[in-house]
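Two complexes follow with chain A in common, the first pairing it with chain B and the second with chain C.
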Partner chain A sequence: MSNFNFSGKCWVAGDYIPTDQIIKADRVFLPMAEAAKFVLEDDNPEFGKHVAPGDILVAGKHFGQSSGRAVAVKALIATGISCLVAESFARTFYRNAFEVGLPILEAPGIRAAITQGDQLHVDLPGGTVTVLRTGQVIKGNPIPAFLLEMLSGGGLIAVAPQLIEKDNEARSGNTQS
Partner chain B sequence: MNLVESILARASGRRKVAPGDVVIADVDRMIMHDLSGWITAKVYEEKVKKPLARPDSVIMVFDHLFSPPREREADVLKTDREWAAKYGIKLLDCGNGNIHNAVARGGFIGPGMVVVGSDSHTPVHGALGAFAAAIGNDCHAGMVFPYGKAWFRVPETVRVELSGTLRPGTTPRDIALWLTAQIGEGGAVYKALEFAGPFIEGLDLFDRWLFPLITVDVGAKCAYIDPDEKVFQFARELGVMGHWEGLDVSPPSARRPESVLRFDVSKIEPQVACPPTVGNVKDINAVVGHKIQWAELGGHGGGRIEDIRMAANILKNKSVHPQVRFNVVPCSRGVFTQALQEGLVQQLHEAGALWFPPSTGSNQSINMGAMAAGESMISTHARNFPGRNGSAKASMYLASAQTVAASALHGCITDARGSTP
Partner chain C sequence: MSVTAKTFAQKALERGSGVSDLKPGMIVDVAPDVYMSHTASWRCIKTFEKLKGATILHPERIAMVMDHISPAPTAQVAGYHRLCRDFARKHGLVNFFDVNAGIAHLVLMEKGLVRPGEILIGTDSHSTIYGALGSFGTGVGFSELTAAWVTGTLWMLVPESMKINLDGRLSKGVYPKDIMLKLIGDLTADGATYYSLEFEGSLTASLSISERMTLCNLAMELGTKNAYVRPDEKTYEYLARAGVKDPARNALLPDAGAQYAKVLDIDISALEPQIACPHVVDNVKPISAVAGTKVDQVFIGSCANAKYDDLVEAADILKGKRIADSVRLLVTPGSRETMKQAADNGILSTLIDAGALITNPGCGACAGDGGAMDKGEVTISTANRNFRGRMGSYDAEIYLASPATAAASAIAGVITDPREMMR
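Right after this comes the complex of A and B.
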């Protein structure tokens, strides 16, 4: 897992799904393991009930739009999925995913290339998704190095002290970089 | 450098920044509401456990949950109050208004500031010449609370130039709804939007406000309008000009936006954003006659004095349609006072409207405004996703205050320019 390569069975979700439909506002009062069962309850009711650890979710356009709450990402992590691929993401969702620690990849064209249940291989640093059934390789948008480092460091809260220290050094001009 | 680049350069201690740079910037103001504050506080207490770097920069507003309906919600507010008191952060308790209006009108936001918030409409403060972006709970808890800072990727800028004159009966809100469809949901992902041009310059501050409000819908990171004398006067009266001093902003002619979009507003009809998404915007003709059971001036896009005046103008000495409940929600205590002084509260009350406390109204129907399956509401809200206001089989239509009031009068979606639907 540390090399951010993932293989698994995929589930699909639609276009323009807001965070309130990833997990409804009311469900945030539940313990996370319980809330996970209600993820995408309107869009793909089977997902929350039958998702297995290591599965991969493939979503459509502008996934995670509307409210920017990180709890949408946390609920997805609680389902046990290894990673999430989408045609495109809302920016607050994209930011939250790396801050909280959910590996995600933007891969335009992915939805047309797969059907639910396909086995996929996702190479996050390489930015590719391979559909094992067809052998097709979809090229995703490269992830900025800064975000990959945040992800491998365990998320923003874990890496914040180093980021701040590095920034303080840069501001006082005490570093060669 | 444009406004956002200048603000981020200064806040990150750099002489210059360019799109794509990742910077750690000092945060001048962090705003959160009841539910996001509760979640953020939980993350902070469990995972961070450091002293708050700048409690004076943090403000919490109770606006979504403005009157707890059950014990569970009362507990959320109690926890929030205790948490705010423990760290010495500013709290605007129930009834102070919609979060963004309460902090802007309360003198907490000024031009040149770095503003962050968990509410996705935080970019609205770009109307005051601030760099304002929505960020998540973990960034608030992990960087803003303990260090007073946040990370940002400097965005590319799209300049949106608006010219022309409104047709009679079309309002700035109609243009903002129309623009959402023109730019498209997710049509400007990660960008900064620079709203400019003679149409924008001619608007008053709280009409300009409606434009950065669409930032999240088109996927952008932030939006702004270069502040002018109208903004400076507002900021001077509230004593929030400090962050503008010494800011090095290039004139528009010296900037290089990634792209420029130009629109003429002169021929735009009143607009309605229809379910299921904010980008499904139509000329009002397409939906005139659709029966409604609810109408509301409230949410992030309404409840301004301008909205209340428009509604009173239409409903004065008349009656709200017997099949419709018309909710009116002032966006701040100051606006409610103004509505009282102008006699608008009595006029709308006598017409049958229901007044609610200054808040975000039925946004997400946390305290009010849930619909049953098959019901429809027309409102000034910013969102219309199914299930946000009660049943996933209810319908939310978004429009100007004028269209909302005319529809409340006739019991169906109504073009305010004609006398009957």
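Right after this comes the complex of A and C.
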């Protein structure tokens, strides 16, 4: 897990899915394990019901658009998926994923390369997705090293104490105004 | 070697990070000047409480506004509001605004907390609106905002920039909302993802501050990181009225010759009123394509179009008229100041006489806070989003348009071109 290589069965989701449809606003008051069953309920009703720990979700374009609700990421994590690959992400979703702690990869061309149920291997640091059925390798957009570090640390809040430490050192070392 | 010409985003992030010669694609830690959180502040507070021993570095940079789900509809929400109130008192937050203030974005601008060249992060995607005053405003998640409370910084990717030159003249019955809907329809919802979007051109310069707010607010629906209108005399007058001393102090202007990933030149003189149809913001059509569609509810509100000028735009159409019996018209002024100005100048009377229900200032029905629809119902709204389930039933429909189009539709009971009512 810590090397951010994931193998698993994939599920598919569509294009331009807003955060409100990743998890509907009235579902977020449920306990998260319960809410997880309703993730993507309109787009792929089977997903929430049958997703298994370690599965991989593959979405289309501009996934997570609209409101920057981090709870959408939390709900996806609660489904047990190991990682999420998409054609592209909306920027607030992209940020929230790393900060809340969901491994994601932007891999243009991925949707056309897979069908639901395919076994995939995702190498996050290497930025690749391998489709085992066809052997095809899709090259994703590289992830900055510090975001991978944030993920390893469990997300932004988990690593915040280190950031505070770093800031304090920087400040005490800075004697010029 | 000559100094490279820079975009607004390059300059703003250089100022915010202290790092010079930033190029698109670089990642830097910036120190935001203002951290805005709305009712979701309670999530930030709960996150903060998990960080044992952390302190708030700059309480004066925190702006907290109770605008969503306000006033509290349930005991649970009342508890969240109270948590924020108590936290603000305990930490001496001078910029805490309670349920009487209005929508965070508008309140911050009215209170002089949005200043040119400065960086504002907000727990709301429409934080792009701050670009209307030449600021760098961008939406973040609540964990990120909490991290900024305790570290004073946040990572940012230096974005590519896109420039849209708006020229020509707005014809009668056509407004900045129509310009933005047309752009969103043409470029699509991810047409400017991760870009810093600079609005330029003679038309942009001619727009009021309120109109520039509508441009920069709706820019978010193109996927932008931030939006920008260069500050000018109008900006400085607005800021002076908001009590900002030396408002041009940190102002930043893009250099001539700066590099843009895309430049669009748009003459809007021939533009007609536009409308975003269900259930995505980029499903945009000219109003003629949907005129005559029956509506059950009309909502004039939201950070996109519930400013004073927007209420006047609607009142000009509704003056001396009555809304259709089949329609309910909800008007949610954007802020307390907007509401007071509209009350003082008779705008609220005009709206009430026409049959409007005036609600408390805040996000209101745009955030699903009152004004819900039953299945099969239709709302025409001045807000910025029309996704399924945003206003009640998943089987209800939301159309987005200008305040003038919304007002005309309220009178007719069907989607109506406002020009028909502007003789």
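Everything below uses one rule, namely that the second predicted complex is superposed on the first by the 170 of 177 C-alpha atoms of A that agree within 3 Å, B and C clash if a C-alpha of one lies under 4 Å from a C-alpha of the other, contacts with A are read in each partner's own complex, and residues count from 1 in each chain.
Rule of thumb we're sticking to: a residue touches a chain if its C-beta (ideal position, glycine included) is under 8 Å from a C-beta of that chain, and two chains touch if they have at least 3 such contacts.
Since the model is a prediction, treat every value here as computed from it, not as a measurement.
Chemist: Let's test your reading of the overlay: on chain A, do chain B and chain C clash or fit side by side?
Modeler: Partners clash after overlay.
Chemist: Would you sort A:163 into first (chain B), second (chain C), both or neither based on which partner it touches?
Modeler: After superposition on chain A, A:163 lies in contact with both partners, chain B and chain C.
Chemist: Look at A:88 in the shared chain and tell me whether it touches chain B only, chain C only, both, or neither; answer first, second, both or neither.
Modeler: After superposing on A, A:88 lies in contact with both chain B and chain C.
Chemist: Looking at the overlay, does A:28 come into contact with chain B only (first), chain C only (second), both, or neither?
Modeler: first
Chemist: When the two structures are overlaid on chain A, which partner does A:77 contact: first (chain B), second (chain C), both, or neither?
Modeler: Once the two structures are laid over each other on A, A:77 reaches no partner at all.
Chemist: Quick one: chain B or chain C, who's touching more of chain A?
Modeler: B
Chemist: Do any residues of chain A touch both chain B and chain C, and if so, which are they?
Modeler: The answer is residues 16, 18, 20-21, 24-25, 42, 61-62, 65-68, 70, 88, 90-92, 95-96, 99-100, 144, 146, 155-157, 160, 163-164, 167 of chain A.
Chemist: Can you check the complex and tell me which residues of chain B touch chain A?
Modeler: Touching chain A from chain B are residues 12-13, 22, 24, 35-36, 39, 43, 47-48, 72, 118-120, 134-139, 141-143, 146-147, 149, 151, 153, 185-186, 189-190, 216-217, 219-221, 277, 279, 364, 366, 383, 385-388, 392.
Chemist: Report the residues of chain C in contact with chain A in the complex, numbered from low to high.
Modeler: Touch residues, chain C against chain A: 27, 43, 47, 50-51, 53-54, 123-125, 139-144, 146-147, 150-153, 155, 189-190, 193-194, 223, 225, 280, 368, 385, 387-390, 394.
Chemist: Tell me, which parts of chain A touch chain B in their complex?
Modeler: For this pair, the touching residues of chain A are 16, 18, 20-21, 24-25, 28-29, 42, 61-62, 65-71, 73, 88-92, 94-96, 99-100, 144, 146, 155-157, 160, 163-164, 167, 170-171.
Chemist: Under the touch definition given earlier, write down the residues of chain A that touch chain C in their complex.
Modeler: Per the touch definition, chain A meets chain C at residues 16, 18, 20-21, 24-25, 42, 61-62, 65-68, 70, 88, 90-92, 95-96, 99-100, 144, 146, 155-157, 160-161, 163-164, 167.
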